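To start, the structure itself, in structure tokens.
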Amino acid sequence: MDLFFFSLFAFIALICAVNVVLQKHPISSALSLVGVMASLAVLYLLLGAEFVAMSQVIVYAGAVMVLFVFVIMLLNAGIEVHHGRSWMAKLLGFPAFLAILGLLCFFVQRGFPNVGSVRFGDWEGGGAQQVGYALFTEYLLPFEVTSVLILIAIIGAIVLARKELD
Amino acid sequence: MEFLVITLIKLALITFIFMTTLAYLQWVERKVIAHVQVRMGPSRVGPHGLLQPLADVIKLITKEGVMPPHVNGGYYLLAPFLAVFMALISISIIPFGGAIDIPAIQLAGKTFGPYHTMMELASVNMGVLMILAVSSMGVYGIALAGWSSNNKYALLGGLRSSAQMISYELPMSLAIASPLLTAGSLQLRGIADSQAGFYLGFVPKWAIFQMPAPQIFAFIIFMIAAFAETNRIPFDLPEAENELVAGFHVEYSSMTFASFFMAEYANMVTVCSVGTLLFLGGWQPLWPAALGSNFVAPAIFLGAGLICLYHGLNPARPFDRYTLPVFAVVFFGLAGLMAFPPLVPVLTPLFWFLAKVGFLLFVFIWIRATLPRFRYDQLMSFAWKFLFPAALLNLLVTGFLVALVP
Amino acid sequence: MDPLEMMKNGVPETFYLTLSAMLFAIGVAGFMIRRNIITVFMCIELMLNAVNLSFITFAHQHKQVSGHLFAFFVMVVAAAEAAVGLAIILTVFKNRSTLNIDEINTLKN
Amino acid sequence: MQNLWLIPALPFIGFLINGIFGRKLPKVAINAIAVLSVVLSFGLVVGVGLSSDWGTNPVHQHYFTWIKSGAFEVGWDFAVDKLTMIMLMIVTGIGSLIHIYATGYMAHEEGYYRFFAYLNLFMFFMLNLVLAANYLILFVGWEGVGLCSYLLIGFYFVKKSATTAGNKAFIVNRIGDFGFSLAMFLIVVSFGTLDFAKVFEAAPGKSVEVLTAIAMLMLLGATGKSAQIPLYVWLPDAMEGPTPVSALIHAATMVTAGVYMCSRSAAIFTHAPAAMELVAIIGLLTAVFAATIGMTQYDIKKVFAYSTVSQLGYMFLGVGVGAFSAGVWHLMTHAFFKALLFLGAGSVIHACHGEQDMRHMGGLRKYAPWTMGTLACASLAIAGFPFTSGFFSKDAILGAAFAHAPWMFWVGVITAGMTAFYVWRAFWMTFWGEYKGHGHPHESPWSMLGPLVVLAFLSIAGGFLFNVPKILESMFPIKEVEGEMTLTAISVTFGLLGIGISYYMYVVNTELPGKIANSLGGFYRLVYDKYRVDEAYDTAVVQPLVEGSTTVLWHGVDQGVIDGIVNGVGHQSKGIGGVLRRIQSGNIRSYATWVAVGAVALLIALGLGGGVR
């Protein structure tokens, strides 16, 4: 059962990810990315990370990607135009991709040859209670810092997107 | 296996009831608005226009689905599907009553049961978060519709709706968060159960009354945000007829058009149920059964039946003589069911839950019939300058109270 | 033991890690070959998600909630980043009405 | 009495309220808050006093551990014993009186709320200082009062002279505090703790050298805070501040902190004879020195400022000759009559519309009778007129001085004569003769006169009411001095003599002072210019510092070395960058590719190095 779900959603995630890269239209890419995120959320659930899964959907799929879609609509971004100017990317792009892919997979196989296996519900450590507890005890400082970061981001965004940039 | 069967049965039941409800909500809305505006409302098709929804559905189905040439094919069709899907998903995790216990039955020598199940499709630990997540995904339907139909009004509608939904999600989530502090659970059923009991024997411990932090403000904020989230008047900027023709669904027709409406009504129902569960104590009665809250339901139906009977006996319109007694009989039957002892523990909570949801829905319709529409900048500044700070403050105060008051 | 053995009782964590690696690599590729700045940005988000997946997997492996928190922080930071980044994109588009990163190269000279 | 912390906390609350919201509040509210907070803490102090247990077994309360490193631990501790009690009484009592007075005196000033906020803050720190149960907390209070005195001296910050005076006070005090902190470090090193109880317990066992060093350093601190030679120079200038401030901080409470600290550390001083001797000598010198200056000044506040310095000298003399209780006694009585003198002076200045020069006063007895009466009491007290408060305390000190070394007694007595002379000189010049000022002088409001009357009563009867040596007998045993009566007689005679001379010179034969000044000539001018000590310090200390830092630190080190390094680095990186910018195609995707390639290289390196497992 686990294997089925995993392979299903991993498949969806991979397809959508490839789609993100290959689709010509930003909207399509954005929606595919939403697909990736949704399926990743399901995988998180399988890994026992309920809270993170939910916040993945709420924050990423629900807010960030909506923002992307919004901006794409606002700028009415069309199919992207092709006149490449980066010989670097042309030359090394695909090889680098292959190299990274191969190396990463190699390292995963080599680095974690016999780690445990995942079955749904074999670890309940990711509930809101545990996460919240850890968040407000030992990770309190990072949490506060993040809040400040967000404040800065808000201000920055507002300043940047103002009508007149003087 | 047994679980699967029961779930399937529940699924079928809920789907059927819910769909009809959606269809008839339309009728109710039209009726209510009509009476607010001192009109008759639908009254041709069937007695009191009761068959109007059916007619509408037939009409919408049989209509030809026009697909404009300039639209962006795939997404144009995907959008309504997404909208409905996201709207319906959240219903599946909403509990609407206590447990159902079916005693073992002997049938053809085989014993079935005893069966025990909860009045909900799925019980999710993170119910509240799930609701939020799904509702936040709901934007895509509208936004896509607006964008893909390749029409400036539609696009404007889509943009508006996405901006509006993002903006109003914050106060909504904050307003939802504060009762969670008192309930101490993310599971909708747990939250509802945490509001059981009464102060002084008659004041219900619903979140809006619950000590140490009554959530009345949170409730109000939640309802306001809910109006915006469901694109209802006075926040229906995305489909503002007089500015954007019909907003994001200007290019849609027949079934696709209908599905947007379905989505909107489904969202309304969901939001009202969530509000009921979080703030109005779910299926907890308004006053304790000791003071006879169990007899409210039968009494009401009995009263309705009697009124129908009376009007049937001296009718205002000729056909009332035939229709109203039928209703009377139906109502009497319902009253009987409600009063039937074995069913009381099942039906009374259900009744209370539905009553509260119904009331909230009525408020929705009522407001639609009453209030004019916001201007867009007003809408935004209201969200960011008033609603959001208010929700934040409320959450802060609640936190302090919960932390300080033992 | 070999993965096939472990598949009998659940999915090996290696699979999750591999998936995360693949997603990451795809993100890198997209970052390199796409020209639309928004898409490039989305590829960054994709990479972040891949990393999150491995965080969660490690959390499950060590049965510690810390990994979840890292993922959580990554998410929050990504949200902030998206806000600012999109604002920048808007500004850029406003000033030079293009989204093609190949044409946004005035840092040179 | 379980809430000692309330005593300082109340003024602090007052400070917070006035400091934060004061701008908005009406004056009545500010008065109410400021005065009430202090009066309440006075009430608390009285409560502590009445609660029986503190006298027999001192109260010691620990609130929280402030610093903890290894064995060394400093807590936020308060303690009350008899000495502390007396100080508390003085600080809060006189503090509240002066607060009340200030409401009248400052009524028409700018930044009213600011003034009271600072005043409350000062009360907070002063009470901290007094209540402290270890040197660090004492030091906190010590620094705090220094800060407040700085703020309040520079209260009229639009006046250049005021700000400079504030800076002067602050900087001079730094020197003293430097000594004090060194003393604390030495204590930590040698005792391993800062708690009074532990330190004094261990003190007898320590070597004399260490104790002497500690005592000397403390003395340095004390000279800074209590304006003794060589660090007294800031106090006269501190008179730039409002008069209530001069009365509260620079006469009654803060400047006596040094005396309090010395008598608190009696256990250390008694085991360091050399330091004791030094204390006595410094006290004596200061007394004479300041007295001579005081005789020549014309600014009424300056006169009293110098008299404060010289009276403080007396206290140190008392401490130095081992009569701690006498020193504390004089501290108390001096707090009474010197506060009264300053407040009276304030009332006089108020009467003369801000005129401070005594040559433009005179004949005020007709206009300000109450002020005159109260000031007369104060002047009697300070002149050591029999059975006034000053008489007892000064007498005790002089007696002890005689027992220690007769010459000290004689110098002290002469100084007493001078004191009587210049105080009464001021008195006559102010109240007798004809009014030479401008405008019409007028009596002050009762909010100002009330405190004056109370203080007048205290400075007359304070000696009887509180016989400090008796109270403190358990802490500082009294040494009996033979020939008490004769000594008393001598000092009293000198005091009366001073009064008489001043009466003759400034009432009967008013040309005489000018003649004397001319006949003294250069010496007189030298004294009139306060022995040109400020100038001396300026040439000796300040100028060299400024010169050195300008030439060496600024031009030499900063511009030469540091800037040089920075610029060099800048040039280098510019050169390197010139090479590297070839890579910068300005195309983001090429950068991305570079990053990717780098990642690949890193991974390969990791693989070859076997970094993973």
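Chains: A, B, C and D, in written order; residue numbering restarts at 1 for each.
Operating definition for what follows: contacts are C-beta pairs under 8 Å (C-beta built on N, C-alpha and C of every residue); 3 or more make two chains touch, one makes a residue touch a chain.
These numbers come from a predicted model, not from an experiment.
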### Chain pair, C-D or A-C, that carries the greater number of C-beta contacts
A-C
### Query
Could you state the distance in Å from the CA-based centre of subunit B to that of subunit C?
37
#### Entry: Chain centre separation in whole Å, for subunit D relative to subunit C (CA means)
65
### Message
So the centre of each chain is just the mean of its C-alpha atoms; given that, what is the distance between subunit A and subunit C in Å?
### Response
5
### Task
Just give me the whole-number Å value for how far the CA centre of subunit A lies from that of subunit B.
32
### Query
Do you know which subunit A residues sit against two or more other chains?
51, 55, 63, 67, 74, 85-86, 89, 92-93, 96-97, 100, 104, 107
### Task
Note the residues in subunit B that touch 2 or more other chains, in rising order.
none
## Note on the structure
Expected list for subunit D, residues touching two or more other chains, is 585, 587, 589, 592-593, 596, 599
### Pairs of chains in contact (touch as defined earlier), listed by label
A-B, A-C, A-D, C-D
### Query
Which positions of subunit C touch subunit D when the two form their complex?
28, 31-33, 35, 40, 101-102, 104-109
### Message
For the complex, give me every residue of subunit D touching subunit A.
### Response
585, 587, 589-590, 592-594, 596-597, 599-600, 603-604, 606-607, 612-613
### Message
Could you list, by residue number, the parts of subunit C that touch subunit A in their complex?
### Response
1, 6-7, 9-19, 21-30, 32-36, 38-39, 41-43, 45-46, 49, 52-53, 56-57, 59-61, 63-66, 68-69, 71-73, 75-84, 86-91, 93, 99-100, 102, 105
### Summary
Within the complex, subunit C is touched by subunit A residues 2-3, 6, 10, 13-14, 17-18, 20-21, 26, 29-30, 33, 36-37, 40, 43-44, 46-49, 51-52, 55-56, 59-60, 63-64, 67-68, 71-72, 74-75, 77, 80-86, 89, 92-94, 96-97, 100-101, 104-105, 107-109, 112-119, 122-123, 125-126, 130-131, 134-135, 139, 142, 146, 149-150, 152-154, 156-158, 160-161, 165
### Query
Within the complex, which stretch of subunit D touches subunit C?
584-589, 592-593, 596, 599
